[in-house]
Every structure is written in C-alpha cells, then in structure tokens.
Amino acid sequence: MYAVNFLILGALLFSLGVFGVIARRNAVMVLMSIELILNAVNVNLIAFAMMNNSAEGHVFALYVIAVAAAEVGVGLAMVLMIYRNRRSIALDELSAMKG
Amino acid sequence: MLASTLSSGWFLENAWLIPLIPAIGFAFIIFFGKRMPQGGSEFGLLSMAASFAIAVGATVQWIQRVNSASSEGEHALGGFFGFARAVLPMAGEEGGHSAAFVEPVVRTWTWWQSGGLEFGVGQHIDGLSIMLLLLVTFISLLVQIYSTEYVSGDRRYTHFFAALTLFSAGMLVMVLAENMIQLILGWEIMGLCSFMLIGHWWEEAANSRAALKAFFTVRVGDVGLLVGTAVIFFGANDWAVERGSNGFSIRAISAWALSGEASNSVLFWGGVALFIAAIGKSGQFPLHTWLPDAMAGPTPVSSLLHSSTMVVAGVFLVARVYPVFFVGFDILDTAVNLITIIGGITIIAAAALAFVQDDIKKVLAYSTVSQLGYMMLGLGVGAWLPAVFHIFTHAFFKCALFLAAGSVSHSGSHHSFDMKKDMGGLARKMPITATTWMISTAALCGIPFFSGFFSKDEIIDNASHNGYQFFYWVGLIGAAMTAAYMTRATYLTFFGAPRGAAAGEHHDDHSDAHDAHAAHDAHDDHDAHHDDHHGRHAGPHESPWRITAPLVILASLAIFSGYLNAPAVGTHYFTDWVEPAGVAVAADHAATATDGEEHALGFAALAAEEEGGYSEGCGFTTPEDGTVCYAPKLSHAEFAWSKAAPSIVLVAFGILMSAWLSMGVFGDRKHPLKGLTSRSGIARRGHAFLVNKYYLDHLYEGVIVKAVAHPIAKAAYWINQNILDGVVNGVGRSGRATGEWVYRNLDQRVVDGAVNASGLVASETGHALQPIQSGKVNQYGALLFGAATVGAIVLILVNI
Amino acid sequence: MNMATITNDNWLLTVGTFLPLVGVLLMMFIPASEERTHKQIGIVTSAVTAAVGVLTLLRFDYGHSESLQFFVDSEWISVIRSNYTIGLDGISLPLYFLSMVVTLLVMIYTWDNMPDAGNPKSFIILMLVLQVGMAGSFIAQDLILFFVFFEVVLLPMYFMIGVWGGEQRQYASLKFFLYTMFGSALMLVAFLALFFQTGAESFSFAHLAEAGALIDRDVQIWIFAGMFVGFAVKVPMFPFHTWLPDAHTQAPTQGSVILAAILLKLGTYGFVRIAIPMLPQGAKAWAPVIGILAVIGIIYGALGCLAQTDMKRLIAFSSVAHMGFVMLGISTLTEFGINAALFGMVAHGLITGMLFFVAGSVKHRYHTLEISRLSGMLIQMPRLGWILGFAAMASLGLPGLAGFWGEFPAILSAYNPNFGLNVGLYRVLMVIAALGTVLAAAYLLWLYQRTAFGRPNPEFDAHAAHPVGAGVNDDHHGADIHDVTPIEWIAWTPFLIAIVVFGVYPQLMFDVMDPAVSALVERVGAGIP
Amino acid sequence: MNALLAADVNVAQNVGFYVIAAVMLYGAVRVVSTRNVVHAALWLVVVLGGVAAQYVLAAAEFVAISQVMVYIGAVMVLFLFGIMLTRATIGSEDGLNNRGWGLGIPVALLLAGTMIWVVVDQYRGTVLESPEGPMPTTALSDVFLREGLVPFLALSFVLLAAAIGAIVLARKD
C-alpha cells in the first residue's frame, strides 16, 4: 500500500497535537497533546522502516516510546508539585508567577 | 648640498615636546594635585615654564634657520623684483627680504591607518607655528601666575589649573599640527576646556548655561570643520599620495591648492566649510553670541581665551591652510569675498555693541570680537602677514586689558564688573593697573608708536592696496569706533567720581558680581578665607605683585612688540621670520617624513634659484613640473605716513569725541559726597559756566547720545540678544520640541504601536502586560511551530 | 582536531570560547545559597577566560591579520555539510577580546551590585553562557555554527531582562525576544537560501564568499534582504530599534552593559563578516537604503534623546544614534568606512558600556534616574560626576577619546562611497550625519548640565547623614549617596583607560583591522561587475 | 478510492488502515477539543491503541506490543493518576482552553498543509510492498545490542533518572 497514507496520518496527528499544545490551558492536557505528537512521529518512523525494510526505524520508535514514558513520568511529577504549591495547574497562571 | 646650510637644532627637532609637557602636567594635576601643597598649581606653572623655555629655544633656532636660508636666497632678488613689477607694480619695494623658501621642520609618527594609507601625528614648524608657540606658552605662563593669586582659595582650585593647563596643551597641539586631524584634536580639546573653564562655577545655573552655550555654538561651527576636512582630504589625497604624502597633511594641502591641479569648486566648498568652523570658534558675526556670555568664567580664563588661544584658533585655521582660501575665494582678483564680508560686519557690529555695555569685561569681549574681525579681514584681503602680526600684538594688549579688568574687580570694586555702579576714579587708587590699562588701550586703539598701530594700520592699508576699497573704509570706521568705546570704558573705570564699591561702599546685592562669590559657597574652610577676603577689600587698593607683575610685562610688550615689524621705523623682522616665501621649490618636499625622521631638507633654496620657477609666482600661475608652492606670493603695501594719516586722524577724533561725551554724560551722575564738594567749588567760581555745562550736559546726554548711540547700538544689541541669540536658543528648544513630538507620536504610537498591535505581543497597547502573561508557554508554542512552519515553507519554495 | 593543527595552537579559540561552561558545570553542583562562592567562581572563570584571550592576543600574528588564524576545520554535522570551522582575523579579534573583558568586568561589578531579584547562581550562569555565545559568534567561520552561537546569546539575555529587570520587565523581555526571534527566523531562511543557491556544498564562510558572488543579482538582493532584517534588528537600525530602549531601560545594569557593549555588535559584525562579502551585488543594491536608514537613525536617535526624562533611556537612544554612524560607515563599502565602523563598534561598546555602568550606579544611589530630580551630582559624589562627564565627552566624539575615531572617519568616508554608489546622495548623508554630531553634543551636555551641575536636590540632601569613606573630599555624603566604591573602580578603570588609550593612539586597533578590511573590500569589489 | 483499486495493493490491508486511521483521527480531535479532562485521557487511549494497530498493519509487532504495554499500560494510568491527584473536576469544566487558543487553528492547519503537501509531493505513488511476515525481533535485538548499544544504555540511564526525578519531585515533605 501507499507510504503516503501513513505519512499523512502522521502529519495530521502531529498537527492536532500541536494544536493541543497551543490551545490547552491545563498542564495535563498539554502533556497529552505532546504524547500525540510523539506518536505521530512514531508512525512515520515505522512507515519509513517499512519503506526500506530495516530495523532501525523500529528501534527508533522504541527509543521514542521509552523517552515518552520518562517524559510523562517527570512531567506529571512536576505538575503534581506545582499543583501542591499553587493549587492550580493552569499554565498561564504559572507563567504569570514566573518572572 | 645647499640645504645643509639651513641650520636646525634640538629645540626645533623636538618642538613636539611643547604641547606634550602641559598634557603630562594636566595628568599630574588631576591625579596628585589635591595632595600637593599648592593644590597642583605648581605642576601647571612648571609645565608651562618648561614649554615656554623650549619655545624660546625653538624660536631662536628658527631665526637662525631663516637667516641661514635668506643668505642663500640673496641673489634670487633680481628675479623677485622682476616678477613683482611684472605682476603687481607696487610690490617691488617691499619683500626683498623673503626671497628664499625656508623649509619647515616637519616630523611625523604613524598615528592611524585606513585603506592602506598611514596617517601621521607630528609637528610642522614654520614661522606661523613658531610665533604662536612662543605666544601661547608665554601668555599661558603669565595667566597661570596671575591665577595663583586671583582664584586662590577657590574650592576647585585644582580643577581650575588642570583645565587651564590642558587648555594650553590643546592650543599648542593645534598650533604645531602637522595634519588636519591633529588640528581638529587640539581644536576640540580647547572646546572641552572652555566648557570646563567657563562653567567653572557651575553651582550658578547661569554659568553652566553659558558654558553649554559656548561649547554648543562652537560645535555648530565644527560641523564645517569635519565636512571641510573631508572635502579637502578627498580633493587632495590622490595628488598627495603620488608625492608620498596624504590628504590630511597641511603641507600637502597647501601645495595641492597652489598646484593648479585642484578643482576650484572643491577648494571653494572646502574653504567655505572650514571658514564656518572659523566663524564659530573666532566668534565671527553670526556666531559670536557665545563670546560675551563666556565672561561668566573667571577673569584669567577670559584673558587666556580672548587673547591668544581659543578665539585665535579660527583665525589660525584660516592662516594655516591659507592657500585653500587664497585660491578657493580667488583673493586678489575680487573686491569682495566671504571672509572679508564676515570680517567687516563683525568689526562694525561688535564695536557698536561695545558702546552700550556696563560690564567692563563685556566691553573687552566685544572689542575682541571686533579685533578678530580685523584679523579675518586681513586674511580676506590677502594681507596674510599683517593679520598674523595683529594676532601677535593683539594677544599682548588684550590679555593685559583683561588682567587689568580682573585686577580692578579683585582689589578695586569688590568682585564687581559693573563700570557704572562700582567703578570710577580708580586711577588714583590703583596706579599700576591704571597705567597698564591705558597703555594697552592706546595699543588697542592704534595710536601711533603703540603696537596695535603697526599691525592694524597695515591691515587697513593692504585692504586698499589689494583693491578692497570698501573694506578699507570699514576698517577705518572700525578703528575710530574702537578708539571711542575704549575711551568711554577707560573714563568710566578710572576717572570721574568713584561710585559704589570703588568708593569703598559694601553694597550687598552681588547680583552682578560674577566672580569669587560663587567660589565662596557654603564651605567652612573657605568661609574664613571669605571673611579676610572682605577684610582685605575694605577699600580699593593696588593688587599684590602676582597680579601686577604680569600686567607690567604685558603692558611693556603692548608697546614694544609692535617694533618687530614697524615699517615706520623700517623694521621687518617679523616678516622675515614668519612669512613663508611664495616660491616654487623642488617637489620632493611634499613628501612627509615618517617614523620621526626629521624632514629631509632638499633643494629648497637651490631650486628657487636654478629654474626660476617662482618667477611665475605661486598662487597666480601653476608651478612648473617638479616644483610645488607652499604659499601664495603676496605683496605688501609699503608704509607711508601719508597713507596712515586718515586712520590716525579718525582715531584721534574718536578718542576726543568719546572723552568729551563721556565726561559730559557720565561726569556727574548720582552725586556721591566727594564729587559734590569739588563741583560746588566750581559752582562758586562761575554760576553761568556751570549752568552752561549743565545745558551742554543735558544736550549731549539728552540729544546726541540718546539719539545716536543708544537707538543704533541698542538696536544692534537687541538684534544680537533676541534674534541671533534667539536662533541659537531656538534651535535648541525647537530641537527638543521636535524630539518630544517624534518620540511621543512616531516612536511610541506608530512604530511601537505596530509591534504591540501585531497579535504576538498584545491586542491592545495599553495593558500590554496582561495578554503577554496569559498563556505564555502556549503562545511560545504557537510562535515556535509557526516560525518553524514558515521556515519550512520558504525552504520548500527555495528548493523547488 | 588533529596534531598538525594543535601545533599552531588553535586550541586557543575553542578553549577560550567554551571555558565558561566549565564554570557553569562547577556551579551546577553548588547550592544556590552559597552566593559568595558563585560570585567567586564567576569571576575566576571569566578571569581565566580573559587570560586565554590575552594569550590569544599575544600569539596572534599581526603581520598577517588579514588571514584567518588559529584556524580549525573539523567534522560537525556532516549530514547538512556544516563543519566546526573557527578562526580569527583582524576584524574579529578586537570584538572577540572585548567580549571576554566586558564579561569579566561585569562579573566583578556584580560582586556587590547584585540586582534586587537575587539568586546570583542562575544570574552568573546565564552571564557565562552568554559569554560563550558572544565569543563563539565572533570566531565562527561556518554559517550554521554562527547561527547557533547567535541564538545561544538570545535566551540568557531574555531571562536576564525578564527576571532581573525593572517594573516592566516582562514586556521588555518579550519584546526583545520576539523582535530578535523574528529577525533570526528571516536570517536563517536567508542563510539556507544562500546555502542552496550556492549548490548546497558547504556552509563555510570562505566557500560562500566565493560561491555567493556568482549568484545572479536579483537573487542576491532577496537573500540580502533577509539577512538585512535579521542583522538590522540586532544592530538595531532605525525602523527596528524600538525594542532597544525598553530592553535597555528594563534590563539590570549588567544586562545593559553587555547588551550595549557586545550584543549590538553581533548585528554590525554580521553585516561586515557575512552579508556584504557573501552577497556583493546585493550589498551594493542595499547600501543606499542602509545609508539612509543609518542617517535617519542618527538624527532620530538624537531627537529621541532630547525628549527623554530618564537617564538610562536617554543613553539607550544614544546607542541608536551611534550605531547609525557605524552603519553609515559600513554602507559606504569603503575601507575607510568599514574601518571606522569596526572601530566605532569597539568604541561604542566601551563608552556606552561605561555610561550604563554609571547610570546603574546612579540608580543604585538615588533609586531614580529622573533627570529632573537629579542635580548637583558633582557636589554629592564628585568622582562619579567626573566619570559621567568623561564618558559623555567620549560619547559625543571628542577627539583624543575613542568615540571620535569611529565617528569622524565614518563621516569622512561618506564623501565618496565605493563602487559607484550615488555620490550626491552620500554627500547629503555626510552633512546630515555631521549635524548629528552637534545634536549629540546637545543632548549629552544637556544631560550632564542637568544632572551633574547645580546644587544637589534637597530631597536627596535630606537623608545625607554621616560622611562615608569612599572618595571623600570636602563634600558630605548621604548615607546611601556615596562616591565610587573600590569594586566599581576595579570594574571601570579598564574601560576608562581603554577609552583614552584608543583615543590617543588609534593605530593600536586600525593596525590590526585595516589589512583585513582591505582584503574584504577587495573581495567585494571582485564580486561586483 | 482509486488507491484501493490499484492492482498491487492489498485491499484488506488498506481498508483496515483507513478504518483505524479514521477512528484515530476522530479520537485525536476529541483529545484536543473535549471539555472534560478524563474523557480526553480516554480518547487518548483510543488514539494510542489505534497507533498500535497501525504498527501491526505495518508488520512491527514488537513495537506494537511495547506500545500497548508502555502507553496503554503505564502512561495512561499515570495520566489518570495525575488528573485525579490534581483534582481536575471529573465532570466537564470550562476554561480548559486559554484565551488566544484560536491561534492554534491557523498554525495547525498551516503545519498540516505544509507537511502533507511535502509528503505527497515527495512520496506520491511510492508503494510499500507488503512485507513477508513481521520484522523479526532478533533483528531488533541485533540493532539494539550492536550499533544501538550506546543510545540504549543512555536511554536506560534517562529512564532511571526520570524515575528518581519523579520520586524526588512528587515526594511530599
């Protein structure tokens, strides 16, 4: 089947993720949107791996997954801490607090 | 080789030390002055003395050099005469003495480079610079001695001497400048120091404003200097580089201007630009308004500024690169040119203003302006030497006058300068001051056998000699007016009945007292001094020796300096020593030596003889190949009492008239007791006479003076204060206003508004902060991705 | 880098550039509470860096200042054909060294002038990173490398202003950030366009300078436009300058000094090093525009100054005017002009940096910079007053001080521009620029007269309690209105000395720059048919 | 649809792809648009699951497995915990988007447009020949333990650091 399919799918997911990052106010939601972006990338990776059937693509996808896991862990931890200090995880209030 | 007979010497070789020493002295004063017993003044005095010594040595050696040269050039005379008759029939009798060209002593070191060209800093010693070096060092020395007494106990004593020393250094740098850049350097340093000195007592807003005005006005002129230098540089550079020099070197510029290869328009515009600078610095007509205000400074400063340094700088600039003006304005071929116009106007206008001043220093200030007008006029009419000679003589008597005025205020009128309020009859109380003052006045008025006569009269004479008839009359009238107002000032100060402080009164409104009051502001350690100052000033008395000594020296010079070049008694040393001969010399002299090599003396005299290229006459015809001219060949009107007569008569008339009027007008104003007795004595002898005198008095004061002097002069003064001054201030104010407007409307609204409005920063400018803070991260995200996308798109487009 | 290159000690540049990062690493492991330690580390690091800089000065071969020295060219991102290419020649040497010295002095100044927001740890770390970016931009000989360093500079300055700035810091910092980001975006695009237009072979300056000249004229003009905006924002030139006053006014003293002394120079340096030699025809086409904008900037900045009531803001506007002179010099494409511009960059760095130091100290003492409220500074703190006067005089281009040598030759060069640019236009520009010097005198003297002369404002005399040690003369000093402190002396003296030395003997710098500039102009001339 | 009818294309595979893709996209849209945090999380599950399914279609079983385990197993749980601990209202809530969220739409559209255009322009008509069987895990392990070794170790350190960091951050004290 056509490589374009996968790639377009990735592009759309990516854009949606970007939109989420821009539009969302709640930190957790932003993290989710980032997950979308990462997965979009993964889809592309796999697609390319398939195109010139090599294992690297898959390996990279796995890397990304792992990093994403780490990122989510740390990210949520930070969100928690911020919430504990500020009783809010609205990003704009956050940025208002920081000089 | 013939040139080797041109003697040189250590002092000539190392004349560059002369400005260097005061500069170092300045550094010493700044860093160690406060700790010294004499508050740093000793450094100033020492350095000036050293410079003076070197200057004397250099002068002596220069004179030897000239003699050695002219002995070479003896039999060039024939040709000279031949030319003289050919070109200017009257010129023959004079100038047999300046036939040989005396090679200047030029040394340069690399200062900066650009575009592969190296530009030097160094010395260019010829008659003109030697003369001024001697003059400046000498007068600075005297003024510093005088100041040790005059400003003693000032809270910024040290700074005062620092500025004074640096000031002299600046002038000296300019005088022996080898190139235009160096000249600008000295020029601007002087501007800075004048700012520091005029604003010396900056606690008073008036003083600091005067300082600001002085610096600013001069700075306006400096635009001309920058532009002119640029124009001349690019005009001359290629020509000069061929000959191993560059377009900044003064010699190269002179030679180029006379080489006949220079385009006239470049010379003209360059000349105009440079002359604008001279106008600003030398207080010529439209830009002279800063000069009287500069009187806010301490008197020694005024004397230094107005005698030999600051204001002379403009005249010096014109004299220094004279060929540019000579060719650019083709002097000698016209009956009128920019320089003469400005000079003439200045002479009359300033003299008229001097009539209505009550402040003695302002009278002197305006007289300075008018005398500078004479110098400019002289340069304008092609009387280079008389103009320079007038710088020389004027320095002595004007400095003496200022110092005398200072001495009067210091010891006679309790720090007041108001002639009508606080002076009068001081001749008896302060004999030395009075005598010196009157000698100097005589010199200034141009009374025969005083120095001023020989210089000023030469200028006027040459004006008609070179075909500037109109300005001949301007000069004469100016001379008469000078005589008149100086007489008036003399009378008000030293004769008649004592008034105010001069009569020993202690009026306590020091509103008009510029000097030492500002100095004695609330400082305990000074208050004591302040008191005994008052104590010493119980009544008018002669000043201590540190003030009178310089006065005496200067006054004697005011008499004798004239005899250096007094055709009346047949002396022409000054001409021999100072005037550069207008003869063509072998071209290799245009090359400036570098790395401190002394300039290779070449075939100066030889070239002059062998191919009599000079007989074409520099400045009139182009020099032959391989030869260059450094100065135009000028002829001098020969002196004759018959020609001097009109000026003498007019001067005499001016003096008598003014004396007569002054006595009538000011004789018995406000009756102090002393005056009354004497007058009542007269009254007992003849009632009618008194009455008549009274009527005459009334007549003069009521009709003549009020009708003539006041309206005209007052009008001039009014124009001066309101229109010209208004322009200067107006420029500043309107500039400010424009700034406000531009800033408020353009900057904040339009340009800035555009940015703020662009949705990135904020939708509304007013509360720019709110929207910025909200959702910072997200907006960055948007920005980031947006930018990335745009970048990507462009990439694609580029790549297609 | 391989052995051969090590022998002609070209490790110097790499070390000199990245040394500050060592300090940063060190500070990472020290808790923020130990403020003194951080300050010490900061000073030591920047001092060592400056020492390396001195070594560089000593090892530099002044005989061949037109050719790149300490040259390194090693693989970096081979995918996009970008190499780690660094080198130093007469054009970059002064700026490279200046950046090190300025950072050191600013560090010293920070010792007892920490901005109110506190937290020296991150403050100093930021400054060190900033130093890396600045030094790197001056040695980079590869577009991508240059761009990376160029951007590295951006963020620390953003945080410096945003965290340690004045009341409106967020506004100012964001404005700064967006402006520069906008510029950088276009600049990057222009770089890439240049890269692809020259056959996508290499990003190295040398290659692009050769290949770039071959691009046909219209394309050159477009690419130059992109770079123009990018660099002009940084300079800043007239229409793009509005971030500067805010940034300067809001930034902490240290920020202002670094901004004025080095950051602004990145823009002009970019013009001289990248835009003009790589796109000669584009440069020629744009030169008149640059010249006109520059002169507008001169007059406009001066007028802006006259309208200011805040001392720091006035100085900021004066930067616009001075950079106008620099750009005028560059726009003539003559050796004179570019020499003047390079000299002007350094001079302006020293002088305006000094002025900002003074302004900072005044703020520190009076807690205001309202010109109308300041007065009689010379009575309350004579030394500071004199320093202000000195800096002002230098800034208005007094001969004998550094400022003059950037200003006068620039005006001079405008008399006849290079490569058949419109002479009439440039002569008009020259006269207007010369008038600009008068305005400069006007606003600086006005500032000086208002703040330094006269008698102290009673509102500050009131809390003038007991005399304080530093710099006492017969004036009394207020409790917090004291004269220059020792630390300030240490931080300032080099500036003052440099201003005088370069003013008295400019050959020191011209000698280094001139050959490089001549070579550059030659190359440009070769590229213009 | 002509894509479907292309001769050398495995129809079933395509149909599967399109169906799953549609579901994923819808889910993604909901993730970024819903007013309810919890729902968003659940929609995210759908998307991630879809991705895993696509992996399977693309013959990347191993990746698909790890996707399911890591994401749906771990990450989503984390998310739900996060939501719960930050007391996000379970019901729908307003103000989930910030002012200026509209800005996102043009950016996203622009981005999508650009990328799609590029992709289409570049890969129009390139066909992925359906692989014979899944990518063998041994191949992956080879890559991992040979040239991929250093990144692999680095990654493990990252994970370790992340774990510790998370603990440090989230620890109450």
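By letter and in written order, the chains are A, B, C and D; residue numbering begins at 1 in each of them.
What we mean here is this: a residue touches a chain if its C-beta (ideal position, glycine included) is under 8 Å from a C-beta of that chain, and two chains touch if they have at least 3 such contacts.
All values reported here derive from a predicted model rather than from experimental measurement.
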Query raised in the report: When every step has to jump to a touching chain, what is the lowest number of steps that links subunit A to subunit B?
Result: 1
Query - Pair joined by the larger number of C-beta contacts - B-D, B-C - result: B-C
Query raised in the report: Between subunit B and subunit D, what's the gap in Å when you average each chain's C-alpha atoms?
Result: 85
Report summary line: Chain centres from averaged Cα atoms put subunit A and subunit C apart, in whole Å, by 40
**Report entry** Centroid distance [mean C-alpha coordinates] between subunit D and subunit A, Å
**Finding:** 8
Query raised in the report: Counting only residues that touch at least 2 other chains, which ones in subunit A make the list?
Result: 18, 21-25, 91-92
Report task. Please list all residues of subunit C that touch 2 or more other chains. Result -> 170
Query raised in the report: For subunit B, what residues touch not just one other chain but two or more?
Result: 773-775, 778-779, 782, 785
Query raised in the report: Taking the complex as given, what residues does subunit B use to touch subunit A?
Result: 773-779, 781-782, 785
Query - Footprint of subunit B on subunit D - complex, ascending - result: 98-101, 103-104, 107, 110-111, 114, 117-118
Query - subunit A residues within the subunit D interface of the complex - result: 1-9, 11-29, 31-33, 35-36, 39, 42-43, 46-47, 49-51, 53, 55-56, 58-59, 61-63, 65-74, 76-81, 83-84, 89-92
Requested in this report: Within their complex, state which residues of subunit C touch subunit B.
Outcome: 168, 170-171, 174-175, 178-179, 181, 185, 188-189, 192-193, 196-197, 239, 242-243, 300, 302-308, 334-336, 339-340, 376, 378-379, 393, 398-400, 404-405, 408-409, 411-412, 414-416, 430-431, 434-435, 437-439, 441-442, 445-446, 449, 452-455, 473-474, 505-507, 510-511, 514, 518
Report task. Could you pull out which subunit B residues touch subunit C in their complex? Result -> 34, 110-116, 155, 181, 184-185, 187-189, 192, 195, 199, 202-203, 205, 208-209, 211-212, 215-216, 219-220, 222-223, 226-227, 229-231, 233-234, 523, 525, 732, 735-736, 738-740, 742-744, 747, 751-752, 755, 760-761, 768-769, 772-773, 783, 787, 790-791, 794-795, 798-799
